[in-house]
Amino acid sequence: MSGNTLGKLFCVTNFGESHGPAIGCVVDGCPPGLALSAEDIQVELDRRRPGTSRHVTQRQEADQVEILSGVYEGVTTGTPIGLLIRNTDARSKDYSNITDTFRPGHADYAYWSRYGVRDPRGGGRSSARLTAPTVAAGAIAKKWLREQHGVQVRGYMSQLGDIRIPFTSWAHVPENPFYAPDAAIVPELETYMDALRRDGDSIGARIEVIAEGVPAGWGEPLYDRLDADIAHAMMGLNAVKGVSIGAGFESIAQRGSEHGDEITPEGFLSNNAGGVLGGISSGQAVTVSLAIKPTSSIRVERRSIDRAGNPVMVQTLGRHDPCVGIRATPIAESLLALVLIDHALRWRSQCLDVSERP
Amino acid sequence: MSGNTLGKLFCVTNFGESHGPAIGCVVDGCPPGLALSAEDIQVELDRRRPGTSRHVTQRQEADQVEILSGVYEGVTTGTPIGLLIRNTDARSKDYSNITDTFRPGHADYAYWSRYGVRDPRGGGRSSARLTAPTVAAGAIAKKWLREQHGVQVRGYMSQLGDIRIPFTSWAHVPENPFYAPDAAIVPELETYMDALRRDGDSIGARIEVIAEGVPAGWGEPLYDRLDADIAHAMMGLNAVKGVSIGAGFESIAQRGSEHGDEITPEGFLSNNAGGVLGGISSGQAVTVSLAIKPTSSIRVERRSIDRAGNPVMVQTLGRHDPCVGIRATPIAESLLALVLIDHALRWRSQCLDVSERP
Amino acid sequence: MSGNTLGKLFCVTNFGESHGPAIGCVVDGCPPGLALSAEDIQVELDRRRPGTSRHVTQRQEADQVEILSGVYEGVTTGTPIGLLIRNTDARSKDYSNITDTFRPGHADYAYWSRYGVRDPRGGGRSSARLTAPTVAAGAIAKKWLREQHGVQVRGYMSQLGDIRIPFTSWAHVPENPFYAPDAAIVPELETYMDALRRDGDSIGARIEVIAEGVPAGWGEPLYDRLDADIAHAMMGLNAVKGVSIGAGFESIAQRGSEHGDEITPEGFLSNNAGGVLGGISSGQAVTVSLAIKPTSSIRVERRSIDRAGNPVMVQTLGRHDPCVGIRATPIAESLLALVLIDHALRWRSQCLDVSERP
Amino acid sequence: MSGNTLGKLFCVTNFGESHGPAIGCVVDGCPPGLALSAEDIQVELDRRRPGTSRHVTQRQEADQVEILSGVYEGVTTGTPIGLLIRNTDARSKDYSNITDTFRPGHADYAYWSRYGVRDPRGGGRSSARLTAPTVAAGAIAKKWLREQHGVQVRGYMSQLGDIRIPFTSWAHVPENPFYAPDAAIVPELETYMDALRRDGDSIGARIEVIAEGVPAGWGEPLYDRLDADIAHAMMGLNAVKGVSIGAGFESIAQRGSEHGDEITPEGFLSNNAGGVLGGISSGQAVTVSLAIKPTSSIRVERRSIDRAGNPVMVQTLGRHDPCVGIRATPIAESLLALVLIDHALRWRSQCLDVSERP
């Protein structure tokens, strides 16, 4: 409960720093009997891995996961699953010039304010590298959701800076480094990123995540609603500045007669709700949007202060993602899966025995 | 941990239904020594109370709070504060026609899917009436934050449907039923609402909430970040479909050189971060935006199904807010205060003793 | 999570003080569909009620419970159950002489040390009166366990001071004010208590609580074992100084060949384990023993200090139980039921789908 | 919250199995600024380590701890501390003969009932080996308590089977493998254990743990009392069947005039309370006793069943502690330290600012 655990029944406790010996997590609450191998997890980690295209950080990390516990003879035992990923390509001296200064827009100032202790190496605990254990845990959640309930969680990038990316087909998503659902726009995205990299600057992005197959009835009012827990998980992802469900901010200008999704015996006629009504899943697809800010570690020189409060100019070298949104899709999918499995287990605990319904 | 408790150290456990005998909450974790009277709480409840203008529900509830425990001789004792509000103006028979049908966009379908039991009276547990105990608890949080840290939490409506409301002055906010920070626009809002009410329809709104005076250092990475907990609390509020911090969804199209707030010895030069960096407060104002959907209980007839799955036309009579956003401002303020006090207490537990900092 | 909530999935949040306006609790996590009336709860409250014999406190409290929420048309809805009990016979002035002094063995010194605020009226929050809401919540747990799993939770007094009480029959337990399972010993207990009362002194007791019908498989290693959670709940009961399971302290002198309960196709041959192995229920009866200390509020004069640290002699008048153990049986039953339902729900969340076992 | 995390503000999440690749834990909530090295932890692990005398299991494990995170330049950063211990001397084939049978008194039957999956190697998750991560975390807690509050946590064995061990001096405790506080009795204990080992049997023990220097005011009523949390932690330790505080089960036969510890300006005159009143520390030493059952893995043949329910005779070979109580002292100390630091942090969060007290 000190901030590094996600979930109440399917609990992921995350540890590690960007340039420490290792990162990892403990997954507590995974039901027994799920077939699970390191490969099941590695597949998802590889989707998030750095160094896979010229548009992301060039840090080379294999992100090889080791299952330390909780699996016996290829099957989960119901006990905690310890997952370990060694850091192998840390170059801490890249950060020697920023040990005493703060990057505009970066967590380093806030961490130092809170802890009075600073680990400047690669952002320490605030690094996006810490999303790897989340993805590893999410791989388990995804597999369980798929096998137990036929739930499929997928995501894509819908906007890069000013460029809106049309949704053409899910088939395009895995075939480009942006998770863009439209192959035709990829060259434009590449050109844009190349120019940005030359400028030493960074850019924001928008990600959509969708869970299909979620049955009606998952979620807990009053405070820990399904959408509230989704918002918590997503806003807890590095660089996220906004989260919306269904029609999101467009709901503001909608009338009730337009927003409320009509129901017929064949199902809902629209999905402004984004699959959540009153904090509980409605049986429609759960649809989530994320606004991701541009990376704060950029080469462009900016005004800041040092630890003594003196004015300085700061420029961040090192290896950084010019658009942290590019690798965000698999992470956001993982977070949605983690929230869903948690609510699936809560639903089981309370409502599984309701056999007869009017 | 079954969804009805908000907070980890300052915990609000909410109970009640719209048309049951009473609603209320237990506030556990309030530090001892805070001067507190029912009047301190009543002031905030009165800001949220129904029936105070023609633009909100005409249900007449005094929302009189009784302090049942936790206060002795006018001062909090450190033990749980029980707060009780009796329901006095419930007219359950207004709902007899919707007992067997589901309102498009309403939680009734999802609740029934989850619990297999249905309390149709005024939305039962899913009613916005349950925000009253949240506001009561928030009043305590606000007072403590103000007295202990000089934190001030305020909010206003920035958009009603298509109408954007300019920020003119905080002084205007308490002087109109919309919490609009611009007196000049109020007649336009009134005309708009009158027309909407005649149509039997409803509309969305946008609310801004701001906390000034928050010191740097509140918040907990990795998952329970300050902004993540704010997103959780806000998305858990009835009808909210989107939450953003600082530049929010505008961050998508920003470059890093524009988004990252530069720092000088005199302070930050902008606040795209919305007061939160890496999940920890930066010392700037914490700024939050909410997208609120239109009420689902409307007179306009809509397609739906009954419990047997047959097609029906649904029309909701009863007494409803045509724009639930109108009364949302004090509730959103309360939620922000509740998240802040929780993180203030966590910060005290872990970091208060860090005496010497470089 | 500030100490006043018991349980993780079936959560009881308790509020109130001995001489405040009311006491009560919120029960969050009760599954929907359980038939529940105030009478179901009142029956258990009446077993714990003060003033029912000359051997307990003469305070007259009807302990009438009101269900504020969570029940609709006689059935639980799955939403929080608010329970309220008004205090009616508080005589706070009885305590005027102890406002500034501390009773040896009483919580008043510790509360004052912690909170710096003191509510001397009837022990304030530390009063055994606060076990009433626990019993009310326990009544719900008991009913659910009985109906869903056929679990029966019962208790009795096995020792009063030096007097060991033989177990003759469960039938004797409800027929005497001591919950003694042997009618023949009751006159001796009455004589003993009468003499004690004349002396203005108090005495300890030992209580046994037993749950029959608990299926094998409830409990969670590593830390939140079923027996660990039972120990937590029981040691959290006022005046309890020791808790044991099965053979308890007698295990110290047992050999493994004696202690380990042998198993045959017909079942276990003994129950030294007390129904719990490795923190998980074994399918045998869960057996728990409690050591209850003598009440600290006694007429006998004792040495103490006042708030300024000066030596004083303290004598407690007011109305007190000379043996708090006498009314402890229904409370201990409630606590055991509350722990069991919590683990039943956890088991449901994780293990209900394990259909095929070798 | 799935059972493998201890503490609310200082949280230890434990993972691993006896014969898996590794065991370990994540310590979340350790305040920043504590000087910490692997050596600080190793010292405590070495006290618990197997194979150090002929009276304990002969399994040879170095129990070498690696700090994976949370410490930078020798100081805790306030972020999670990942601790890893590789298993090096697992001989899983020793257990091939018990894969399909259940040992009387052992957790294997209960685990199988719960999870439907069985890891028979060395007891899997139910092994006492999993106390090593607890001890590692406890070392951090002990150091912090000592440095911040001058609290000293120590323990000793007070009884082995029928042999009561007198308390002569703390100085004797580290000088014998039993943690006995009386050097003179050690030969008798050795002879006793040698005979027991020849018999292939096991025996129980009693352990005392004491925390000196705990200030008055730590602990949280109503349910999460300091003593309740101690009972939870201790009963959660493998093989513990009873826990008591202060006078414990002797309180049953005490009169209030004897039990209640009188107070003088110089302090308390006795400590029947064991340092806890009303669930809050009184400023006296916190004293705890544990009853530890005999190990269930013994060579003596016993009746049991196999997974098909058929009768079998079971005999456990492998390497086991004939008295699990012998190595329990450092573990029990760790658990007490972990509960104390958790309450110290809670106290800081709520009561640190109470400056003026009457």
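Order of writing sets the chain letters: A, B, C and D. Residues in each chain are counted from 1.
One rule holds in what follows: contacts are C-beta pairs under 8 Å (C-beta built on N, C-alpha and C of every residue); 3 or more make two chains touch, one makes a residue touch a chain.
Please read all numbers here as calculations on a predicted model, not as lab measurements.
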Count the smallest number of chain-to-chain hops linking chain A with chain C, moving only between touching chains.
-> 1
What chain is the most remote from chain A, judged by the mean position of CA atoms in each chain?
-> C
Computed distance of Cα centres, chain D from chain C, in Å = 26
Computed distance of Cα centres, chain C from chain B, in Å = 38
Express in whole angstrom the distance between the two chain centres, defined as the mean CA positions of chain B and chain D.
-> 45
Residues of chain A that touch at least two other chains are 1-5, 8-9, 14, 29, 32-33, 78-79, 114-117, 125, 221, 346, 350-351, 354
For the chain B and chain A complex, residues of the former touching the latter = 1-6, 8, 12, 14, 102-117, 125-126, 130, 159, 161-162, 196, 201-206, 215-225, 227-236, 238, 241-265, 269, 272-274, 276-283, 291-296, 298, 300, 302-305, 307, 309-311, 346-347, 350-351, 354, 356-358
Sites on chain C touched by chain A in the complex = 1, 8-9, 29, 31-33, 78-79, 148, 221, 345-346, 348-354
Going by the contact rule at the top, pick out the chain A residues touching chain D in the complex.
-> 1-5, 8-11, 13-17, 20-24, 26, 28-29, 32-33, 66-70, 72, 75-82, 84, 114-119, 124-125
